[in-house]
Structure formats: structure tokens, C-alpha cells
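Note that the chains are named A, B, C and D in the order they appear, and that numbering of residues resets to 1 at the start of each chain.
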Amino acid sequence: MSFEPVPQRPPHLSQTGPQTGIAGAESARSARGALTISSLDKSFTISGTARKVLDGINLTVRPGEFVSIVGASGCGKSTLLRLIVGLDDEYTGEIRLDGERVATTSLDRGIVFQDHRLFPWMTLEQNVELALLNTDVPKSRRAQIVADHIALVNLTGFEKAYPHQLSGGMAQRAAIARALVTEPKLLLLDEPLGALDALTRVHVQNELQRIWMQQRSTMVMVTHDVEEALYLGDRVIVMTPHPGRIRRIVDVDLPHPRDRRSPVLHRLKDEILAELTAAPTDTTDDARGNLVLLPTREDR
Amino acid sequence: MTGGLAACHRSGANAPQTVTLASIAYPDQGHQVYNGLTGVVVRDGWLKGELAKRGIALAVTPVPTAVGAPLINEGFSAKRIDFASYGDFPAIIAVAGGVPLKLVAPLGQGQDVYLVVRNGINAHSIADLKGKRIALHRGRPWELPFSKLLDANGLKPTDFTIVNINPAATPAALAAGSVDAAVLLNDGLLVEKKGIGHVIWSTAQAPADWKMRAELFGRGGFVSEHPDLTQLVVDAYIRAAAWSAQDANREQVIQDASRGFLPVDIIRKEYASATYPWRERFSPIFRPDVGAHYHSVAAYALAHGLVHDQVDADALLDDRFVAKALKDQKLEGFWAAGSVSGTH
Amino acid sequence: MSLLDHKPARFAVGLVAPALLLAWWQWQASRGGSNAVAFASLSTVGGAARELIVNGTLLADAAATLQRAFTGLGIGATLGIALGIAMAMWPLLDRLLGPLLNALRQVPMIGWLPLIGLWFGSDEGSELIVICLSAFFPAMLNAHAGVAQVERRYLEVGQIYGFSASQRFRRILLPAAMPMLLTGLTQSLAFAWIAAIAAELLMGASVGLGVTMQQAQTQQRLDIILVTIAVTAAIGFAINQLVYRIRSSLLAWQAPAQ
Amino acid sequence: MATAPASFLPSGSRRPGFKLGPLPQALVPPLALFAVWQLACLTGLFPEQVLVPPSTVARTLARLAASGELERDVGVSLRRLLVGFGAGALTGLAFGAATALSRWTEAALWPLFLLLWQVPVIAFLPVLVLFFGIDETFKITIVALATFFPVALATFDGIKSVPRAWFEVAQVYRTRLPDLLWRILVPATVPAILTGLRVAITRAWVVLVAGELLAADSGIGQLMETGRQLFQIDVVLAGVITSGVIGFLLDRCARALEARATRWKDA
């Protein structure tokens, strides 16, 4: 897949953030948002016993790629995103963005949560602008950049609205605008549309696809919804729970924007659903009990 | 004048910057007005001027009547107050508590305490109230005359139901019939005037030393370190007493006494019922009954376990300053030397 | 749809109960006898009100009491909010001071009076301390709870955008805790107002509603007591309404309750 | 605030012998305060009559406890508290519910409620005395009044914040009124009301002690007042400590009950 530079990108994008320029030999394009995860393990300690939630995750995301992760509840997909974004840094293995090991949060990595997490005490505009607080974007240009991003998510006219005055879909789009305004190399989406109704969801999926095509940042989205994963993702990572492992990675070799009616999508959806429902979802016993039942990881 | 200069030299080394006088005060039209002679002293301005000549400021601290006694005792013990005109009972308590005080000037004949009975109760004496409910705010100075009344009639507090209640709530309690009688100060006369009850007894019918007394007390340490300044303060009070004792100033004194307190006709009625001449109301003389009074307060406090140590009433009284002031102001013989009131 | 949707009608309905209360009062007063001690007739009360307004006492009293209450509130609530926030942000401080403050909170004011008397005498300072103490605790407790209950998910947003400690405080903790802070402030205000009156009543001062109330108690002037009670209630009510308005405008970002 | 966080510490991180449990930790500041207090007394800067050393206060407490005086006063005060609190809480609940559930009662009674709330109880003293006498009823009434206002307010707010949707659900299923009350209203408002009750009980305690100063022959407030009048600050401070500890314990018990009753909230 090759991506054309998009002329509509906000002009401040060309400015390099504090953490760019690490791999001078690589081209500017490939230096932005290459995510490498290798041998990642993660455990939680619950009442004295350690429980593995992620086991041996290996994944490489190419710059500008849209990767979807699907899996049943408890497969650790949200935990994975929290590790990548840096909210949790207790893990073994490696997570690297453009070669740099992830240890804490950074403006290079943005995230959209399932709950929009807009600050209820600020207007939409203020919420978006908040993300620029610690960037070196000059104050004089911030208003314009904020307006551009509000326009990008089609919310022009709602700048002064408080979150409670926005519908669920609008609030989620506002959260996407806030996540994008810092021009992160990597945008993580943690079930961003999970709380929306079916119609709004389709609408925001289209918006998201449009925005991604416009922005071309690397995006990793976690979702329950296989159809959504296929519609948006260049690749779909299928995960199984207890402990969370990658079971399969599906290539979706269709150009964007996609047609929902595409037979390829439907075939892949059936395949993935079959895979997910076939997997034993034994929650009665501990992780070690499941270990033998799980098929081996299919890694490419 | 020479005396003044000499005094100046005597306390020159460690003279205080301020002499603090505390007194019960009532709010009246946005100002605190001081009760009794302190009010006259403050208005007179003589003391302030004399102290100013020595480079010393006069501070007068108003204390509300409801919490006055503890506040003054706390002030004495913290050495925040040098002089106070306040009650006999709290002063004995302070001395017993280890705060040495000196009674430097008696202030008059004492205050009467009244026994008020509510309407509908047929009682003419304390004995008639046997088994009845009597309102009395415990630990307050008027407990002593009441106790003496019981003793004199061969009665005990257990012959009654003593109800401990704040004087502010007492009229309502009488009116509601929650209590049958109450021990009050001259607010008892107001209760009578309001038609809630009537006075059946007061200390006016009792020996002079039964009355509740208030005097000018000085902090022991201050009095012994600064006898000159103490003399000035006592001088000022004697001046005020002499002024108040003038018949010409009678109406003014009555008006002053009513300010922020009881209606003027109550004050006038109470003053008119006195069995002694007008001038004796302000007598600063250390009469025998004054000494007897303090002996009996000290004995009562000890006997009832209110204090744990015997207070030496004789050591409390310090009549040097009054004697000198009377001499200096040529007032010797102006007031009677012996007891002037009482029926016994 | 309902009569109650009209503001004036609603207001009128609200007047019924006070009016009934007053009517009952008048009836009690007219019965005379022992009731005369607790009930003064409305015309007497009206006369007393006129007297106090004309001679300026009422205005001076209200101004003095308001000033006392607000000075005490200003000091007490500021300290309370600062300490409450500090305790919510530094758990060690909370563990050290929390139980102690909680115990001190339960000590009735009378317990403080001897110490206050010792250090401040009977000056204006004593009354101020009493008011400050009354205003301090609700402000502290609510500020503490408000900051402690700030949702983690909001703090994570701050973490993602690289907020410094001061940014986190000013942009997340403070606004998120604002509803509770304002609740605390409302309570503090109510307590400061009541404490101001009570302090004047019990500790004495030269001017103030409590002073006039106390004096009227001495003189058994029920009409004056009632006027001061009415003014106390009315001013307290007005302050309450004002705070409610300020709160609504400060918290315009909150979704309506229903 | 000040819950016991120590139990959430990773277990085994310290040897048990050195582990400072939540209780001893809470004791550090008061002990430090006592130490400072005792030291301040030893300096002699303050008159011993007013800044009584804690050792003296401890002796006084022991003496009062041994003579049975403390037990009697605390017992009397607690009995007044419980009866008054019970009466005030019930009426407060009823009033709060009645005003919150009907717009008419709200419009008619709430303004008067807000008006009366602003007046200190002490101002109503003569009226209270007239109606309730000066015996136990009077003191209990004062406590009940102090309880009534916060409980009524909390109940009102608690009911008002129940989402309308829940009532609509009840309407759809034609829930009968008792069921509506018991199955929807009560569980939904219990947290707010319990908080109101907790605020009320500590407030009631403070007001009771103040009320006992005005008219009482016994009780912890009277103990302190007599102590002050008689310039026995050690007795006053013994009362301060006793009432502080009792108030603190009441608050702790109320919190524990509150935590138990609202466990579902955190689940």
C-alpha cells in the first residue's frame, strides 16, 4: 500500500515534534508512526495472585497504517492500548514507536477512549485547545488549528457547546479532534464508537475513514465489532482471551474509501466471527487451565 | 503633684505601656456602655489623661454579662487584664484557682437578688415553695444569696427541684409554668412588670452582706509592682463615686444604669426602694460588712466544693488605696463608716 | 400545564405557609396570658420594626453582622479549602491530619472558648475565630471530598497531554472539584451566618443583629427579638439565593439534573 | 475522608512487626499534639490555670471517670442525642420526601423551610421553652431540630436527583406506590440520605452540648460550662476531649454504616 500526501493537512504538521528525527536514515514518511511490539507480556496482581493478561504479543504497524484489533472481552486489547499510549508502563518485552521505547505518555501518541473524556467544564473549543497546551505551537496559531480540527470532524458551529450539550456521536468526534490536534504520529482508538447507537456509529465510521485518509497518521483501533474492524482496518488483529494473545492477523486488501457491501468484507467477517466463536471462552478456571486448549498462535 | 512625680519615678523602670481595665458592658445604640462607675470613669477622662501624662495608655475592655466572669478570670490569669470591676463569686474562684487578686475598692452597697414566683402559685415565702420547681442558673453569683436564704429558713436545696436554666429563658419558663419560681437579679422586677409573676423576697430584706457584690479588683502582681498606677485607678473610681453620689447627678446615674439594660422605670423603682441614703449607693468604704461578705463567699465556695482551697478573704482586701484617695480628695467622712442597710 | 409553572403563582403558593404561621402567631398573641411572653402581636412587632428601621439600628446591625460573617467566611473557608485540597493531593498529610481534624470538628464551641478567651480576650478577634472555625470545617471536608473524587479518567487525559502538576491542578482537579467546593462554600456560608449571630448573642459586641437580639432578651422585648429573627432569616435566605445563582452560573457546564 | 488505606498496601511489603496499622498511624498526630501541648505548658509562658497540662487533664478525666460523674453525664447526653436524633431524622425524612415528591408541597413548604433554616436555634429559645418546657423534652427538641434540617435537605436533594427515567420505568410496569417507594426510591436515595444522617448526627452532638449549657443539670455540656464558670479549665478540657472522642466515634460508626449500606455503588 502506498499513500499519497494529502494537501489538506494542517500546516503546522511540518514542524517536527521534540521526539522526531531519531532515525535520520529513514525517510520522513516512514519515520512517522512505525510501531513495533515484541514479546510483550503483562500481568496484573489480583488479591495476591498474578494473572497474565497479555502473553507474547508481537506486532509491527507500518507508518500510516490503520490496524484494527478485535477480540472478546478480557483479551487484553484495551490493556494493550494503555501500554502503547504509556498510561501503564509495567510490562516486559518491547514497545517501540519509531525506534524509541515507550515508557510514559507523549504527545506523539494520541488516544480516543470509549467514553469521550471531554472535560465537562470546558467548551468543545477549549477541550480541543487543551491538547495544545504543552506543544510548541505558537499561541497565535492555536485558534486556527483548533478551528481546522473542529471542521475536520464536522463540528463547526458547536465550538462554544459544552459536552453535555453534544450528542454521543458529536462528543466522540470532538474527542477525535482533540486527539488529532497535536498531530500524533500514532493515534490509538479504544472502542471509540462502542457507546454509540448503530446509525450514529456508521456515520462516525465514515467520518473516521475520511479523517484517516486526510491525515494519514498511524491508527490502531480496538473494537468489539468485526464489521467495523474490517471496514476501517488495513489489517485486523484477532485476539483471544485468558491470557490475551494474537490468534490471527487478517489482511484487508481493499482500497479506501471502502464499500460496506463488498463481498470480500463479508467473507472475512464470517471467517473472523467463526474464529472468535469457535474459541473456547472458558472463564471458570484460571489461565493455566486454558493454556492447553488454545490453538497455537498464527503469526506471519 | 509631688506625689505624682514620685510615683513616676517609682514605676519608671518597668512601667507598663498600657493599663487595661475590664468591665461588664452593654451594647447601646452601636456602642458599648460600661456598667456603673466604670462608665463614669471612662466618660470623665481624668484617668486617661493622668495615665497619658506618664506615657501610658488606658485600654478598657468590654465584657458581656453572660460570659463576663470566666472571660475576666481568663484575662487576669493571662495577664491581659490589670483591673476589673466584676463580681464577688468569680473573684473568689479566681483566687482559689491560683490567680492572686486584690480588692482595691468596694463599689457600693451591692446588688439585690430577687425571688420571683409565677402567677397562680400561692406562695409568700421560700418555705411555701417546698416541693416546687425553682429556676436558678448554677455557678452564677446569685446562687449564694439563695443558699443563705435556704439556710436561714432551715431548708435544703433538695427540698425543691432546682432547675438549671439561663436567665434569658427564665421568663418563658415561668410563663409556661415549667418552673414555679426563679432566682433573678433586677430582671426579676421586669418579670413582675410584664405580669408573669411577682417578687416575694429580695436581699433588700436581708442583712447587708447577703447582697451580691461587685468591686474593683486588681491583679495581684500589678498592684504590688505598680502601687502608683493602682492609686491612680482607685482615685478615678473614687472621683466617679463622689460624682455619682451628688443628688444633682441622680437622674443621670439612673439613665446611665438603664442604658442597654433594663427599662429606666425598673431602675428607678429599684433605686427608690433602697433603705440607705443615695450617696451610700456608691460608698467605697471597706465597711465591716464588706469583709464579712467575702469571708462568707469564701466559706460557701469551699463548703460546696466549688473551690478546693480556702481563700484568705483578709488577704484579698487591700484598703490602702481607698484611704489615700479619700484623704487626697478630702472625702473623709463623706460616706458612712459602718453598715447602712439591712433589717437584722 | 400546571399553576406551578408560573413563577408568580409559585411564589404566592410559597407565601401561604409563612402567612398561616403568622396568622397562628397572631392568634396565640391575642390569647394573652402566658403566651404574651413568647408571642408578641404582629402590630407590636411591626411597630418595633419601624422603630428599629427609623433609628438606624437595624441597618447598622445587619451591616455589622454581615461584615463579621463574611470576614469569618473569607478566612475560614479559604483556609479550609486550601487544607482540604492539600490533604486530598497528599495522602500522607491526610493520614496525619485527617483523624485529628475530624476529632476537633466534633468539639463543641464551648470547649474552645476558654482558649480563645485566653488568647484573644473579648475583642472582636474572639468572635471572628468562632465564625472562622464554623466556616472552616464544611469548606475543608467538601474540598477534600471534591478533589479526592476527581475521576481517574480525567486525570489520564491530563497525563496524555503531558500536563504539569500545576496544569493538572488548575485545569482538572480544581474545575472537577468545583461543584463540591461550592457545596462546601454554601454550607460554610450558612454556618458562618449562624455562628455570627450566635457569637454576637453569647460573646457580646457593640453592634450586630445578635447584639440587639441579646439586649432584647435581657429587656424581654419580644417584638424586637422577633424583628431580629425575621431579619436574620430574610438575610440568610437572600444570601442563600444569591449563592444558588452564583453556583448555577459557575456550573453552567453541568448537565441539568433531570 | 481518612479511610484506612493501609489495607490496600501491597501485602508483605513490610514485615508485620514493623507495619504501622491504620489505627496507630491515626494516633500519631494527637499524640504529637499532646506532646507539644505538654511542652508548651512546661515552658511556663502560659498561665497554668488556662493552658492546663495534658497530664493534669488526664488526671481530671480519671477522677471524673472514677467518681462515675463522667459516665453519668455522657450517658445522659447520649440518651438525649439518640432520642432527639431519631425524632429529627424521621420527621426530616418525611418532610424531605413529601416536599421532593410533590410539586405542590414543595412550592408551599420549601420557602418557609429555607427561611427557618437560617435562624440559629438559640434565637427561638423562649418559644421552645414555652412549648417544650425545660425538661428533657426541651433538650431533645433542640437535638431534633438540629437533625431535622440537614436530613430534610439531604432527602430532598437525594430524591430530586433520582433520574426521571426510573420513575418512567415504574410507570410502564404500573408499579404500585409502596413498591415504587421501596424498590426504587429507597435504594436510589439511600446514599444521599445516609450522608445527610451522618452530617446530622455530628451536628446534633455539637448542638446538644451547646444546648445543655443553656438549661440542664447534667450532661457533658453542663460539665464543661460548670467547669468554665468555676475556672476549672482542666474539667473543660476533659469535656473537650470526651466530646471530641464521642463525636469522632459517632462519625466513624456512621461512616462504617454508610459504607456497608452503599456497597453496591462501588461494585
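Methods note: a contact is a pair of C-beta atoms (placed from the backbone, for glycine too) under 8 Å apart; a residue touches a chain by one contact, two chains touch by 3 or more.
The model shown is predicted, which means the values in this text are computed figures rather than measured ones.
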item: Pair of chains joined by more contacts [C-beta pairs], A-C or C-D; value: C-D
item: Label of the chain whose CA centroid is most distant from the centroid of chain C; value: A
item: Chain C and chain D: spacing of chain centres that average the CA atoms, whole Å; value: 18
item: Inter-chain centre distance, chain A versus chain D - centres from mean C-alpha coordinates, in Å; value: 51
item: Whole-Å separation of chain centres (CA-atom averages), chain B against chain C; value: 38
item: Junction residues of chain A, two or more chains touched; value: none
item: Interface hub residues of chain C, defined as touching at least two other chains; value: 34-35, 37-38, 113-114, 117-118, 202, 217
item: For chain B, residues contacting two or more additional chains; value: 70, 74, 77-78, 168, 171-172, 175-176
item: Chains grouped in pairs wherever the two touch, ordered by label; value: A-C, B-C, B-D, C-D
item: Chain D-facing residues of chain C, complex; value: 2, 4, 10, 13-18, 21, 34-35, 37-39, 87-88, 91, 94-100, 102-115, 117-118, 141, 144-145, 148, 190, 193-194, 197-198, 201-202, 213, 217, 222, 225, 228-229, 232-237, 239-240, 257-258
item: Chain C residues touching chain B - in the complex, by the definition given at the top; value: 34-38, 55, 57, 60, 113-114, 117-119, 121-123, 202-207, 211-212, 214-215, 217-220
item: In the complex, chain C residues that touch chain A; value: 153-154, 156-157, 159-164, 167, 171-172, 175-176, 178, 252-255
item: Chain B residues within the chain C interface of the complex; value: 22, 25-32, 61-67, 70-71, 74-75, 77-78, 80-81, 168, 171-172, 174-177, 187, 190-191, 194-196, 260-263
item: Residues of chain D defined as touching chain B within the complex; value: 46-50, 125-127, 129-131, 133-135, 213-217, 222, 225-226, 228-232
